[in-house]
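Going by the order they are written in, the chains are A, B, C, D, E and F; count residues from 1 in each one.
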Amino acid sequence: MRLYWDEYTYPEIEELLQKNPLIILPVGSVEAHGHHLPLNTDMLQPLWLSEEIARKLNAIILPPIHYGWTDSLSSFPGTISIGFDTLKNLVRDILGEVVKHGGRKILILSGHASTAHITALRLASEEILRMHKNVKIMLLSDYYIAYQYRGKLVPEDDSHAGVIETSRMMAIREDLVKENYKFERREEKRYMVIPDYGEIVPYATFSNPKGASKELGEKLNNLILQELIKIIKDNFEL
Amino acid sequence: MRLYWDEYTYPEIEELLQKNPLIILPVGSVEAHGHHLPLNTDMLQPLWLSEEIARKLNAIILPPIHYGWTDSLSSFPGTISIGFDTLKNLVRDILGEVVKHGGRKILILSGHASTAHITALRLASEEILRMHKNVKIMLLSDYYIAYQYRGKLVPEDDSHAGVIETSRMMAIREDLVKENYKFERREEKRYMVIPDYGEIVPYATFSNPKGASKELGEKLNNLILQELIKIIKDNFEL
Amino acid sequence: MRLYWDEYTYPEIEELLQKNPLIILPVGSVEAHGHHLPLNTDMLQPLWLSEEIARKLNAIILPPIHYGWTDSLSSFPGTISIGFDTLKNLVRDILGEVVKHGGRKILILSGHASTAHITALRLASEEILRMHKNVKIMLLSDYYIAYQYRGKLVPEDDSHAGVIETSRMMAIREDLVKENYKFERREEKRYMVIPDYGEIVPYATFSNPKGASKELGEKLNNLILQELIKIIKDNFEL
Amino acid sequence: MRLYWDEYTYPEIEELLQKNPLIILPVGSVEAHGHHLPLNTDMLQPLWLSEEIARKLNAIILPPIHYGWTDSLSSFPGTISIGFDTLKNLVRDILGEVVKHGGRKILILSGHASTAHITALRLASEEILRMHKNVKIMLLSDYYIAYQYRGKLVPEDDSHAGVIETSRMMAIREDLVKENYKFERREEKRYMVIPDYGEIVPYATFSNPKGASKELGEKLNNLILQELIKIIKDNFEL
Amino acid sequence: MRLYWDEYTYPEIEELLQKNPLIILPVGSVEAHGHHLPLNTDMLQPLWLSEEIARKLNAIILPPIHYGWTDSLSSFPGTISIGFDTLKNLVRDILGEVVKHGGRKILILSGHASTAHITALRLASEEILRMHKNVKIMLLSDYYIAYQYRGKLVPEDDSHAGVIETSRMMAIREDLVKENYKFERREEKRYMVIPDYGEIVPYATFSNPKGASKELGEKLNNLILQELIKIIKDNFEL
Amino acid sequence: MRLYWDEYTYPEIEELLQKNPLIILPVGSVEAHGHHLPLNTDMLQPLWLSEEIARKLNAIILPPIHYGWTDSLSSFPGTISIGFDTLKNLVRDILGEVVKHGGRKILILSGHASTAHITALRLASEEILRMHKNVKIMLLSDYYIAYQYRGKLVPEDDSHAGVIETSRMMAIREDLVKENYKFERREEKRYMVIPDYGEIVPYATFSNPKGASKELGEKLNNLILQELIKIIKDNFEL
């Protein structure tokens, strides 16, 4: 079974689009996630979800955007942040072509949840929606759902590279997760603009991953997946 | 063995970069390739080459750019062309970050060989090179090498979705290649600007794929790979 | 006593800047706030706060930016939304000049709290901070503080044109507040991108203002002011 | 009586716009005006005129744009010049929204008369007029009218921060005018591009303000007002 | 004798630049000039002057920019107006290269005197001057000088396609001047923004050319030339 | 006989355009061509061809664009390279106006054949063609045709400033061609991005001009002209 848009020939995709399927655009970020998680952490999570959703809802997955806006972590080696306008224009161009070919139900699923990053995706979406009244776009980070479990399954302050993220990655690609993490979070002045978060979290880890486990990761992945499918069905009347 | 930049943690990539390795940016195109080849044809070929090169030369592969500039085919369903400036800025932003973190030897390998597409990659590269004198960038499409076999292993006029491309795809992902192709190429006025090639090649196939075979594909892939490695070694003194 | 930057002559401002004062940039939005509140609601609140802060901390207030990004309400008559890039560039240009003349401690105080609007302000700030290491910028909407009183002094779901905003406006400019409001909030699909909020809140009122009073407004204004001054003193070591 | 657009609620402004009123956009500049005049000199003058016109002609005043293009004075402390494109886009965005809501008769009144500044306002206006044939835009600096009194009520060479401007400011906000001015004007090579006028007028005063008085200011303000109202009535058939 | 920059080989121009010569950039406009004057009227006049100046002062003439900003006449057939930003960027790019190769004394001479057109040239010049303190740029239209003869040698209201321009063209390229002109100028509302001047001057002639003659043209050309040379010598200390 | 668009008055050009003539836009480059050829080499060749074509086919020639994109040679004195976007926008603006006035058959003839330069012209053309279905644009460098004679009339590797170019210039403007040339071409690594070709060809000459002659130039010019006219007639049905 093929899940990805670009695994089809053009006459095949033409036929598929006539059924008005859900089309998923997974967006990641190449971004430091501590000493214990790989740089593709924000890509692998929405890709796992996208594939599960595609299987269950006959959705088609667009080729992923691996790169996102993550300026505040870009001093950490390996992090690759693309410009806000670059990201916005990239998503707008892709959505424009998808809609041109008949796509009407679009889910943008981003592993990275930084406000500016999501705003770039939102501005691109709004530009398309203003021109095409019969199109629907759903936009979220899976972390919007994941963070509902803070104070329940995971610590109240769980965040970037913390228990949720570490657990989920253990469930998805255990081989890429390192055992030894480093964590330190310095006091942050409220509301100050911080262009480089290296000053606050010297190891690119925003909350302590202690307590993460593969089992918790599988549980969280499935809880998020169920919730996401429920919302998608409701939103797109699938 | 990990081949991709984003499969590493940030301290790992920091360490790797100190050895000054070759860094490969694979660029594709989501583009109609006839009734017989999938839309990711221009991505899978440079990805196959990138992985082989990475294994042999200890290179690191950046997350691929799946989308390219392919306006002249964007009337075919499923084709997704991003803007010239979007592509140029995307590549420039990525290269800028790679160089910031210490990358000095960069290979941009594009499956898509359209002149405007390659020009976008070139302008991005030149912008980086002007600011960083100690960086080297090699830029090509694997089709620059493949076309050396025209009139030898394949027909003189072999082109987009023809014998080379079909054979190579059979060798790389046979399951995605369809048996029945359609081919027609109408006469083209010389030097006229044609914004939509659908007028010339109604099935998005520029030359007849007849005679393609998996064996030929394997042979071509390996010839291209050998040649490419030779050039890379020479250019980067590896 | 003069509070505003532009009420001084240039030699006077030159002298004032040598004391390294706090410099406040108030940002508003010309935006529908129901049948009961004027379009300048998001400007008058941060202006009131700015003047109080200026009096207490010898801060200087820059000429306000009356216009903000508020696309999702721009179908309501009278709303004036400027482009995201326009707002970002405007703030960047102003900050650049302030810093050129020696400003080092800057507070951007926005009455409007829409995510995209604040992101524009943030991107502008980060651009300046990357070029000037000795500058500090604090950025917030007074509603970040105001919403701490949700579920305490005001309803849990209080929002745009609701109890807080109506009360505060009664305390600041009672003459501009109308008695009769209209409120309706339709169900909103979760995570859908909505370019025009007129579909959800047909009267541009996101929560019921019932229960608003001048006394509550005065109380809230003062609570916000105290909290804000405390944070400012701490952040800028005043 | 409310004069400003943003002092109304959205249903009120909707109703007002149905009468097709004159809508005034006052534009200023935060700009050095010698040792004797405040930085808001170019804002207060058109604001005074706007309010008088609004009272007499039932016009509505848009929230003012305090910042203008004034690069050639931006080396003087306190001067804040925004980019040419920033100013052009800001005015275009505002005009676009005003016209969207039904505004048809627009007066842009700028206190600052620098050619580049006015050109930015003109280009923005022309862009709107090309899209909306039923809209009329009048654009001027009050100094276009004021300078008609050169060689009559004031010296022939009166200019920036000179007799007219000082007198008018004494009439409008006497408390902001200082007694002691400094004036020096060095010889200027004809037609040379001068990016920084500090070389020519070391005190940001282009003509000697000697002889300025509140009485003259009141007289000039009223002469300009009468003339302006006459032209407006004629142009917009009010 | 070669007058133009691009008639030299690169080693020749390198040698010439070491003498720090005056470098002239002639700018025209492809623009309707009534029924009697050709579209290149605004190019031929500054070219004639440039060549005379080059001969007398050993100046070098850059290849001319034939196209200018002339939106308000672009409804007349044959008029070609380029965008404001296009013109600004074109001039900035050219100046940047000239300065890179050592040019220090630059004269931009524009036959077209529209305010927006000249502003584009000015903004480009200022951008270069801010980066290169040892460069001098003189910018004017020859009409700034020509109009000094209004009310003296020609009518007080002489303007676009009137007596001066017709006479000068008769002296420069008599063969391109037609005998029969058409002139009508309708009343213009003061200060209204007029995106298309076809409404005011239906024959693209702003003042009556009656009385133009070749002799007057030769006289004017020489007066302008003398004055221009005097100013240039003074400004650049030649 | 007038050949150029701008030698006509606007009513004349209006009349001419009603016959739907071929309209030629000649594009050059101010660019180092060795010690023996002038900087305008890439402009004079297409101008010669344009004038011959105009005479034979009653075509109209637009004012030429003297400046092109030639970054890789811009370290050589006298070379003036304009930005890629500047060139693209300039051509797009000109084409847009020509089409607005009724031009339907357009030939863009560029003396400079650099890929990026031609791509800028192509992107501009495509933008216009997408908006205007009844317009035809032919785009080429005369060197596309000239290079057909490589290995026949001239050496196989003939290139920039070599035998063809030197011979053609001798036939067109013998007075601008110097006798003594300098030639050296260093080995070039394949596929490396080279922002400055000065490293490879220290005298801005890519192939040895030895053997060039005026006779060969006349022959080549005429061969190219005949071929070009044949293609034009065929493409535009003249």
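Side notes on the structure shown:
Methods note: a residue touches a chain if its C-beta (ideal position, glycine included) is under 8 Å from a C-beta of that chain, and two chains touch if they have at least 3 such contacts.
The model shown is predicted, which means the values in this text are computed figures rather than measured ones.
Separation of chain D from chain F in touch steps, taking the shortest path, is 2.
Judged by shared residue numbers over all numbers used at their interface, chain C and chain D contact each other through mostly the same positions, with over half in common.
Note: the chain lying farthest from chain C is F, by mean C-alpha position. Its C-alpha atoms superposed on chain E, chain B is turned by 120 degrees; the angle is given in steps of 5. The greatest centre-to-centre gap from chain A, using C-alpha centroids, is found for E. By count of C-beta pairs in contact, E-F exceeds the other of the chain pairs D-E and E-F.
A straight line joining the Cα centres of chain A and chain D is 49 Å long. Each chain gets a centre from the mean of its Cα atoms; for chain E and chain F, those two points are 26 Å apart.
Chain B and chain F have Cα centroids separated by 30 Å. Residue positions of chain D with contacts to 2 or more other chains are 85.
Arrangement of the chains shown, judged by which pairs touch: one closed cycle in which each chain has exactly two touching partners. Read round the ring from chain B, going to chain F first, the chain order is B, F, E, D, C, A. On chain B, the positions that touch chain F within their shared complex are 71-72, 84-85, 115-116, 118-119, 122-123, 125-126, 129-130, 136-140, 144, 189-193, 195, 231, 234-235. Residues 2, 4-11, 13-14, 17, 28, 30, 32-40, 43, 62-64, 66-67, 74, 76-83, 85-86, 89-90, 93-94, 97-98, 100-102, 176, 178, 204 of chain E are the ones that touch chain F when the two sit in their complex.
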